[in-house]
Every structure is written in C-alpha cells, then in structure tokens.
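What follows are several structures.
What follows is a pair of complexes built around chain A, which joins chain B in one and chain C in the other.
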Partner chain A sequence: MIAELGHFTLILALLAALAQSFFGLAGPAMDRPSWTSTVRPAVWVQFLVTTLSLGALVTAFVNNDFSVEYVAANSNSALPLLYRVSAVWGAHEGSLLLWAWILVAWTLAVALLSRSLPEPFAARVLGVLGLISVGFLAFTLFTSNPFLRLDPAAPDGRDLNPLLQDPALAVHPPMLYAGYVGLAVAFAFACAAMIEGRLDQAWARWTRPWTTVAWAFLSIGIALGSWWAYYELGWGGYWFWDPVENASFMPWLVGTALIHSLAVTEKRGLFKSWTLLLAIMAFSLSLLGTFLVRSGVLVSVHSFAADPARGMFILAFLVIIIGGALTLYAWRAPLLRSEAGFEFTSRESFLLFNNILLVVAAAAVFVGTMAPLISDALGLGTLSVGRQYFDPVFLLPSLPLVALAAVGIHSGWKKGRLSDRRQSILLALLAGVLLTLVLVLGVWEGAKILTPIGFALGLWLMLSALIDPIDRWRRKLSMTRAVIGMAIAHLGLGLFVVSITAVESYTRERDLALAVGESGRVDEFEYRLEGLSTVEGPNYDALRGEVRVFENGKQVGLLYPEKRNYWVQRQMMTEAGIEMQIGRDIFVALGEDLGAGRWSVRAQVRPLINYVWFAAFLMALGGVIAATDRRYRSRPEPAA
Partner chain B sequence: MNRFLLPAGVFLLLVMVLFVGIQRAPQKTVIPSALIGKPAPAFSLPVLGTTEEFDSASLRGQWYLLNVWGTWCPECRNEHDMLLEIARTELLPMIGLNWKDDDAAALEWLRVLGDPYDVTAADREGRVAIDWGVYGAPETFLVNDLGVVVYKHVGPMTPEIWSREFLARLPKTSAGASGAPIAIGAGS
Partner chain C sequence: MTPRQRRITLVVGILAGVAVAGALTLSAFRENVMFFFDPSQVAGGEAPIEQRFRLGGMVKPGSVDRVAGSLEMSFVVTDFQQDVRVVYSGVVPDLFRENQGVVAHGRLGTDGVFVADEILAKHDENYMPPEVARAIKEKHGGVMPVNPDVRSVPRT
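Up next, the complex of A and B:
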C-alpha cells in the first residue's frame, strides 16, 4: 500500500508542479490576477504531496519492505536504522526524489518569504521553479520510479553499498542537493528578471541572500564528500579531480563568482547582464553535473547505474531549461544597460577580476572534465585527465585570486580609496611573510617551490580579513552581519589555502609490510603492529589492527584500523584508523594480506588536514551570517 | 548577431558533444527485451533424463544464467565451447533450457561435448520458452539475486559478449578501493 501511496502522490506532485508553472508564468503574462494568486497554493500542494511521496519511500525502507524493488536493491534487514533512512538516497531513483523534494522545499521557502516582492515577479520566479520541478518529477516518474514492486518479494535486500554506510555520506547528498537546488532559485530570479526585461538593484538585493545560502550548502556538501573520501576510501586522499567531484566544484566556483557579482549589481547597478549569465551558468552546471553522474557518459567512482534512456531525458531537459534561459538571455540582456563607471582600483574592478579569475578556473576544470568526452565524440580515442592537468591549471588563476582578495576586500566602491588601509594591508603582508618563514624554517623543515607562496598568500588573506572587524571594533563602529560574514568567509579562504599548502607540502606517507609485533619506520615516526583481532558489526565482520605510533621513541597514538567484510555485498572496505591531533592527523589503514602473517599498512602523517574542512565550514558560516544581514530582512517600508 | 548569443552557441556545441556521448555510452548495445528489468518467469520442469522436477524457485537469492538450446540448433554447437569455458570459471550457476528437443539426443550431446550446465531442464513443448519470450536458440539470460532479468543475449555466446555484457553486469565481489600497490618491504 505504502509504495502505491508514494507512486500516487508522486503523480499528484507532477500535476501540482504543472499547475504551479502554468499559473506562475501565464498569470502575469496574460494579466490575470486570479491565476497569479493561484501559484502559492499550488506550491503548498506540491510540497505536501512530494513530502508524502518521500515519506512513503522512507517508510518502505524503515519497514524493510522488500516487495519494493528499489528497497530490495539498496537495503537489508541487518542494516542499522540510520543507514536504512540514508539508503533512500543511496542510489539513483531515491536521490532524484530527494532532489525533487529539496527543490519544492526551497520553492516553498521562496513562496513564504517573497511577500514583499511585486506579485507578478514573485509568481514568475515560482513559475520557473515549477518548470524545473516538472522536469525532475517527470524524470523520476517516467524513467526512475523508486516505487516499482517486485513480485514475488525478495526474502531480504541486497544491502546498501558499504561505501555509503557512513554518517558523513548520509548527510553529504542532502547538503549537496540543497546547494545545487538553491542555485535554481538564483536561476529562477534571473529568468523572471529577463522575462520582465527589467533588472534593478532591488532585484540583486532579493537574489543575494538566496544565492549565498545555496552556496553555503554547496560548500558544506563538497567538504563532507571530501572528508568522507579521506577516511573511507582508505588511501588518505581528499580530492581526486574526479568528474563527479568536478561536477560539484564547477557550480561552486561559478556560484562564488555570482555572489560577488551580485554585490556589484546590488550596490552599484553594474554587471547586470554578466550577473544574469552567471546565475544561469551556476545552475546549468549543477544540472550538467546531474547529467554527467546519471547518464553514463563519463566513468567515475561516483557513477550511478548508467542508463542512456535517462541520459536522453536529462539532455532534453537541459536543452529546454538551459537552452531556453540562454535564448531569453540573448534576447533580453542587450536591453540591460549600466551607465555608471568606476576607477581602476575601486571595489568594482577588484570584483571584476575576481569574477574573471573564478570563471577562468571553472573553465579550466570544465575543459579537463569534458576533454575525455570531447575526444571520444570526435573519434580521437580515449583520454584521461588527472592531477597533472588539474593541479597547475587550477592553481594558476587561484593564487592571484587570493592575493587580489587580500587587497580587494578593503577597496571602496566607485573610487580607489585604498590609502587609509594601505598601511594595515602591508602590515598584514609583512606578518604573513614572517609567519611563513617561521612555518617553513621552524615548524616544518624544507619546502617545495609553492610552499612559501601558499603560506604567505593564505596568511596574508587571513590577517587582512581581520583588519576591518578589528578596526570597527576599536573605533566602536557598527558591526553588521554583512561585515562579520565577509570577514569569516575570507578568513576561511585564507585558512583553506594555508592548510592545503601544508598538506600538499608536508604529508609523509609510506606503505609498510608488517606482521604482528613488527614495526616500521617512516622518518621519525615508528609504527608497530601490536595485534590483529576479529570484531563483528551489525552487518559485517572486520579484521581490526592495533597500531601503536611513536614519534622519536615517544608514543603519540594508538590506532585501530579495520578491514571490514560486508556480508551481503561481499565487499571489503577499509576503515582507516585516524588520530586527530592539534595541527595534524596520524592516519593508518590496513591494506592487503601479503601472506606469511604480513599485512600491508599504509601510514601517513598529514599536517593541518582537518583545517581544510574546517576552513570550508568557515566559508559556509560566513555566507550564512552575511545572508541574514538586516537589510535583506527589512520590508520596503523603512518603518518595518 | 550580438555577443549575447555567444553563451547559447557554446551551449549548443556542448549539447552536441553530450548527445554523441550518450550514443557512445557503453550500455548502448542493450538488446531490447520486454523481460529486462522484470522478474524472471517462474517454471517447474523435469530435469533432463530423469523424472525429478526442477523448480526455478530454488534459484532465488543468487545470480544465474539461463541458456536456451537444442540439439537441432547449429549455432548452439558453435557456442558450446564458450559455455564450457564459462562453466569452468564457476562464477555463477548456469541453467540449461533444453528447448523442443529429444531427450536421448540431448543427453548424448552433453555426454559427447561436455556438460556446462548445473541443471538442464527439459522444455519439451516449449511452454516455458514462450513465457521467457524466446524466439530462437541460442539465447542466454542473466538473472540477478532478486530474480530480475538483467540482460538477454540473442545468438551464440562469444568471449567479447561474455566480458562486455555479462561480466560487466555481475556484482564485483571485492572492492577496488584498497590503495596503491605496496611500494616497500618490511620496515626497521
């Protein structure tokens, strides 16, 4: 019954989304207020039925209803409750339903918080969002229905992929989708503005908080995915430039450009058509990511069950949504003129460079991601693009970007007025360089070419980000959330650069072959395999190693890496033993049985690795604080 | 022409690449069968050469192959060595569906050429073959542990077909995520 309820409410959701998009777009266009006012109720209906539908799928998972094929294929009666719930989005069908639900949740939020907007405009925004809902719901219903029955029912399920049985990965997809889908809101605002042919500073003020919050979700989603890869995949890497990682990173880069470009449009009424294009691109790249993951055109460790029919459907959807928006853009963007000018060292020009560099970085990632596909399409054979391409090509625009930020956050609008802050900025640079020397010569010895550059730039930005809040605090000036948020986000970026530099420069890793009682040495670190034991989990048994780590003869860690064997999927998984310390991680993973009682043990010491994710969290936190600034909440009437 | 058309132009190129990409996606060679993605039809048939009944329900919970063959079918002779090869890997059980055949001839065939099947079910009147949508031997079905038909190949089995279409669909029994090869020997 519950599966049929889910299926039925999914059909209702599609109908509600159709109504929402029709009334939202046709109402204002044909000037029928009764149609326009029907949009919000349609959003409510769509939200309620989609919630019921998702709830039905969750219920089927929680109750181990293996007469539903999707449940049977992705869950098991021995699976713990948390993972039975997260298994809902553990594969293609359910994750699409989650996408659709998050989209309608965002839409509802827009519907509730857009009362101060002109009615026709709000209706158009909701109409465009409805159109995107239609696409996703139809996709789910017609190609990827999670509610199909299995007759006869399976005695037990096939279990969730063990790789996905992890708390971080239970939260990673919802966060990531919340980010992707949040960019749909910016997209819808852009489309509504283009339909009306009018884009003013008020438009940018409405769009900004939505975009920033979406960007924050995306940041956290990406960071969680990277964290998971670090401790679950067993080799201690945190970023692989995998097509699917890139698919989430490109919208992030363009989204970052967008939130900065929106600032210019809001404050100065400039960059209008550029802001529109970024809003379209950010969401388009999210959709493209969805396409790449689910159509099977690119091979990736993250790929869902690939299906060309699904690929065709998404491609058609891409053509309608993105093609439509870009056509609208070609038609309407020429109407939007910005008259004001600005000086070379003004904030406008800093943000212009910021945008150029971010888009160049995104383009570089895009080219690397698409190259294998393009090469194959042209019949030039298969091509594989890895770190050798991505690392340098991405660093090239990113390093200047950090320097630009350290100076640019102090620039004034319209005119270049750096002089009053020039001293502080130079002081921050000097302090950054000195600290770099301490790090390179004192704390960690030795350096690669980029090490001092990375440290100096990152530290400079961190210190520079603090200048403004400290200055305001000392002069007892107002401290708005916008100021605090901006400072925290840029502090986070600086910390991110510093920690990545440390990880890339000073990680020490080695594979040791150890039998019980033996120890292996990596520079001043000694790893001793004290014992091996068998332990049993709810749906797996594991071989657990006990590894004692010494630094210069003194014990610094006791780790329990595991090699788990999941019964149902008969998959071996490594569960690394990680000792988090201030300033570094000690990481030990059990590898293969080498015979004769010996096991390969991967031993790593990674400085500052946790700060990489903490920095991403800071950036997201800064975004959320800035997005809740008072000026976005105030009504048009100054009294409120 | 205005410069604002440029993004749409770039997008058009991208769509063309993606379109070609889909066409070339490895899964494009799926032969449409009404059964793929559907539960495999249940059957109960006598085991070839005996009076025992074989019930397909006994296969639940495991992946298996169902190969449709007959001694009257020349292509079946051609694929027989490949089937023996597959049986030797012991990856999954292979069920023979001996279709509209003569028991004595079928038993003789298996005795002379070798028997790749774990069980051979004798479908003398071809009723089960109708349920399975067979329209010519040989045909090979791949059925998963949930009892769902995953793939169907029409025509003789070849090493290419086996590895590209069948092996690729089988679940991996061990994860590939165990890191790089060992670089050095024992420590200290």
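Up next, the complex of A and C:
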C-alpha cells in the first residue's frame, strides 16, 4: 500500500510541477494576475506530495518491505536503521527522488522568501524552477521509478553496497544535491531576468545569498565525499581526479566564479551578461555531472545505472535546458549593457582575473574529464587522463589565483586604493615567508620545488584575510557579517593551500609485509603488527589487526584496521585504522594474506590532512555567514 | 594611456594569457594521457615499450603467483586470446581476484613483462571496467563470462 501511495504522490508531484511552471511562466507573460498568484499554492502542493512520496520510500526501507524491488535490491533486514534510511539514496532511483525533493524544498524556500520581489519576477523564477522539477520528476517516474513491486516479494534484500555503509556517505549525497540544486535557483533567477530583459543591482542582491548558500552546500558535499574516499576506500588520499569527483568540482569552480562576479554586479552593476553566463554554466555543469554520473557513461563507485534510456533522457533534458538558456542568452544579453568603467588595480579587475583563472581551471578539468569519453565515442582509442595531467594544469591557474586573492581582498571598488593597506599586505607576505622558512627548515625537513611556494602563498592569504577584521576591530568600525564571512572563507582557502602543500610534500607511505610480532619501517616511523583477531559486526565479520606505531622508538599510535567480509554481498571491504592527531594522521590499512603468516599492510603518515577538510568547512561557513548579512534581509527592495 | 587604450591592453593581455594557458593545457594533455591496450594489442606490438599505459583484461585463473610472505607478486592478464604477465609489488585492491576484470597501470619491458605500479579492480561484483568488458566481448564471441550467482534479486 505504502509503495502505491508513493507512486501516486509522485504522479501528483509531476502534475503540480507542470501547473507551477505553466502558471509561473504564462501568468506574467499574458498578464493574468490570477494565474500568477496560483504559482505559490502550486509550489506548496508540489512540496507536500513530493514529501509524501519520499516519506513513503523511507517508510518502505525502514519497514524492510522487500516486495518493493528497489528496497530488495538495496537493503537488508540486518542493516542498521541509519543505513536503512540512507539506503534510500544509496542507488539511482531513490537518489533521483531525493534530488527532486531537495529541488522542491529550495523552490518552497524561494516562494516563501520572495515576497519582497516584484510579483511577476518571482512567478517567473518559480516557473523556471517548476520546469526543472518537471524534468526530474518525469525522469524518475518514467525511467527510474523506485516504487515498482517485486512479485513474489524477496525473502530478504540484497543489502546496501558495503562501501556506502558509512555515516559520512549517508550525508554526502543530500549535501551535494543541495549544492547542485541550489545552483538551479541562481539559474532560475538568471532566466527570469533574461525573460524580463532587465537586470539591475537589486537582481544581483536577491541572487547572491541563494548562490552563496548553494555553493556552501556544494563545498560541504564535496569535502564529505573526499573524506569518505580517504578513510573508506583505503587508498589514503584526499582527491583522485576521478571523473565523478571532477563532475562535482567543475560546478564548484564555476560557482565560485559566479559568487565573485555577482559581487561586482551587485556593487557596481558591471559584468552583467558574464554573470548570467556563469549562472547558466554552473547549473549546466551540475546537470552534466548528473548525466555523467547517472547515465553509466562513466563507471566508478558512484554510477549506479547503465541504462541507455536513462542516458538519452538526461541528455535530451540537458540539451533542452542548456540550449534553451543559451538561446535566451543570445537573444536577451545584448539588452543588458554595463556603463561604468574601472581602473586596473580596482576590486573589479581583481575579480575579473579571479573569474578568468577559475574558468580556465574549470576548463582544464573539463578537458581532462571529457577527453576519454569523446575519444572513445569517436573511435580514436581508449585513453585515460590521470593526475599527471590534472595536477599541473590545475595548479597553473590556481597558484596565481591565491596570490591575487591575498592582494585583491583589500582593493577598493572603482579606483584601486591599495596604498593605505600596502604596508599590511607586505607585512603579511613577509610573515608568510618567514613562517614558510620555519616549516620547511624546522618542522619538516626537505622540500619539493612547490613546497615553499605553496606554504608562502597559503600563509600569506591566511594572514591577509585577517587584516581587515583586525583593522576594523582596532578602529571600532562596524563588523558586518559580510566582512566576517569573507575573512573566514579566504582564511579557509589559505589553510586549504597550506594543508595540501604539507600533505603533498611530506607524506610518508609504504606497503609492508608483516607477520604478527614483526615490524617494518616507513622512514622514521616503525609499524608493528601486534596481533590479529576476529570480530563480528551487525552484518559482517572482520579480521582486525592491532598495529602499534613508533616514531624514533617512541609509541605515537595504536591502530585497529579491519578487513570486513559483508555476508549478504560477500564483499571484502577495507576499514582503515586512522589516528587523528593535531598535526597529522597516522594511517594503516590491512591488505591481504600473503602466505607464510604475513599480511600486506599499507602504512602512511600524512601531515595536516584533516585540515584539508576543515578548510573546506571554513570556506562553506564563511559563505553561510556572508549570505546572512543584514542587507539581504531587512532592506526594502526597490522595484526592479 | 587613454582609457580606451588601457581597455584594449587589458583585453589583449587576457586573451594572450588564456591562449598560453590553453597551449600549456594541450601540451600537458598530449604528454600525460594514458592509452589502454588489451593483451592481443600488446602481443601484436601495438603497445609502446617503456612508456606508461593501461593494460586491461581478466586475471587468468591459477596464474597469481607470489613468493610466500612477500609483497612481490605476478599474474597473467588475458583476453582469452593472448596473455601478458604482470609483475607488481604492493597491496592489491579488495576485489582483485582470479577470473575477474582488472586494469594495471605501468610499463611494458623489452622482455614482454608488464611492470605495474598501480592495480585497479572493479568496485563491486557486477562491475567490469568498460574497456575490459569490450575487449573481452570482442575476443570471446560476444559472450561475457560473468559470475552468475550474484547478479539478480532472488525471485523465488
């Protein structure tokens, strides 16, 4: 019964989304206020029925209803409750439903918080969001329905992929989707502005907080995924340039460019058509990410489906949305002309370079991600692109970007007046260089070419980000959330650069072959396998090692890596043993039985690796603080 | 400089920068892509010697050989027509198994032995690297050798 309710409400949701997009777009166009005012009720209806539909699927999972095919394929009666819930989005069908629900949740938020917007404009925004809802709901309903019955019912389920049975991965998809889908709001604002043919500074002020919050969600989602890959896949790195990682990273890069370009459009009324283009690109890349991940074109941990019908559907949807938006852009963008000029050292030109570098970086990632697909499709041979390509082409635009940020955050609008901050900036640079020398010569020894550059740039940006808040605090000037948020986000970026530099430069790693009682050396660290025992979990049994780690003879860690065997899927899984310390992670993963009583062991010591994710969190936090600045909340909106 | 000249300089500078970035990206791309070869292509001399590439196929049953208690190992990658011996030192992935798909990154030596520095196995029971699946499909008369017992929901 509950599955049928879910199916039925899903159909209702599609109808509500159709009504929402029709009234939202046709109402203002044909000047019928009664149609226009129907949009918000339609959003409410769509939200309620989509919530019921998602709730029905969650209930089916919680109650172990194995007469539903999707539940039978992705859950098991022995699965703990948390993972029964997260299994809802553990595979293709349910994750699409979650996507559709998050989209309607964002839409409802827009509907509730857009009372101050001119009515026709708000209706158009909601109408465009409705169109996207129609696409996703139809996709779910016609190609990926999670409510299909299995007759006769399965006695028990096939279990959730053990890789996904993890707390970080339970929250990773909702966060990532909240980011992806949030960019749809910026996209809808851009489309509404193009339909009206008007784009002013008030428009940018409405769009900015939405975009920044979406970007913050995306940052958290990517960081969670990266953290999970670190400890769950047992490889020990934080980023692998996997096509699916890139699929989420490209919208992030363009989204970052967008939030900076929106700042220029809000404050100075410049970069209008560029901002629109970025809004279209950011959401298009989110959709492309979905296409790449869900269509089975890319094969990795994330791609659930390999169904050509689904691929064609997403591709068609992609063409309609991106093609439609770009056509609208080509037709309307010439109407939006910027008048004002700016000087070379002004904030505008720093942000212009920020945008160029970010888009160049995104393009380089795009080339590397798409090339294997295109080469394959054209029959030019099967090739793959790895970090040998991505590392240099990404660093090339990124390092100047960090330097630009360290200076640019102090530049003034219109006319560059760096002179009053020049001393502080140079002082920060000097302090950054001195600290770099301490790190390279004192704390860690030895360095690669990029090590001092990375440290110096990162530290410079961190110190530079603090200048403005400290200066305001000393002079007792107002400390707005915009100022605090910006400082925290850029502090986070600086910390990100410093920690990645440390990880890349000073990681110690080696694969060892150890028998119980034996120890092996990884530079100054000694790993000793103290014992092996068998343990049992709720739906697996595991071999657990006990590993003591010594640094120069002194014990610095006691780790319990596991090799789990999940019963239902008969899958072996590595559960790495990780000890987080203030300045580093001590990591060990158990490999396989090598015979002669020995086991292979992957031993690593990675300095500052936790700060990589903490830094991503700081950036997101900065974004959220800046997005809640007072000027977005209380100022009465002038008519557009 | 007049504002107009300054703007032109700015635009030209940006275009030049983007062009340089594009050229560097392309050259990095040309130098760093890795091609995929299956054992038949390797046997046919299509694969480069002493240059990194991806070798993919199935791990031949009974071919995994290791000195007991050591990280050194070797195995044979096959596409059911030709075989290539692979040597590797280190931890292999959880799903590395005989008669399963595998992709190895490394270099082919003049002795015809592939020295791998990285081994990738499929992520779950039902997945096979697509290029491996295709290579095997072509060689195997369109029949995919899959493990039948884990494929579908028990429908009884």
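Convention: the second predicted complex is superposed on the first by the 634 of 640 C-alpha atoms of A that agree within 3 Å, B and C clash if a C-alpha of one lies under 4 Å from a C-alpha of the other, contacts with A are read in each partner's own complex, and residues count from 1 in each chain.
We adopt the following convention: a contact is a pair of C-beta atoms (placed from the backbone, for glycine too) under 8 Å apart; a residue touches a chain by one contact, two chains touch by 3 or more.
It should be emphasised that the depicted structure is a prediction, and the values quoted were computed from it without experimental measurement.
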Contacts of A:272 with chain B and chain C, given as first, second, both or neither: neither
Which superposed partner A:383 touches (first chain B, second chain C, both, neither): second
Contacts of A:374 with chain B and chain C, given as first, second, both or neither: first
Partner chain in contact with A:356 - chain B first, chain C second, else both or neither: second
First, second, both or neither for A:606, with chain B first and chain C second: neither
Partner chain in contact with A:527 - chain B first, chain C second, else both or neither: first
Touching partner for A:347 - first (chain B), second (chain C), both, neither: neither
On chain A, positions contacted by chain B and by chain C: 69, 72-73, 150, 152, 154-155, 158, 163, 234, 511-513, 515, 569-574, 589, 591-592, 594, 598, 600, 602
Parts of chain A lying in touch with chain B, wherever the complex brings them together: 69, 72-73, 150-152, 154-155, 158, 162-163, 233-235, 273, 277, 280-281, 284, 288, 291, 295-298, 306-308, 311-312, 315, 318-319, 322-323, 326-327, 329-331, 333-334, 370, 373-374, 376-377, 510-515, 518-522, 526-527, 569-574, 589, 591-592, 594, 598, 600, 602
In the complex, chain A residues that touch chain C: 69, 72-73, 150, 152, 154-155, 158, 161, 163, 234, 299-301, 341, 344, 349, 352, 356, 360, 363-364, 367-368, 371, 381-386, 388-389, 392-393, 396-397, 511-513, 515, 569-574, 589, 591-592, 594-598, 600-602
Interface residues, chain B side, partner chain A - complex: 2, 4-5, 7-8, 11-12, 14-28, 39, 60-61, 145-148, 171-175, 177-180, 182-188
Residues on chain C engaged by chain A in the complex (per definition of touch): 3, 6-7, 10, 14, 17-18, 21, 24-25, 28-29, 31-36, 54, 66, 68-71, 89-92, 94-95, 105, 123-125, 127, 129-131, 150, 153-156
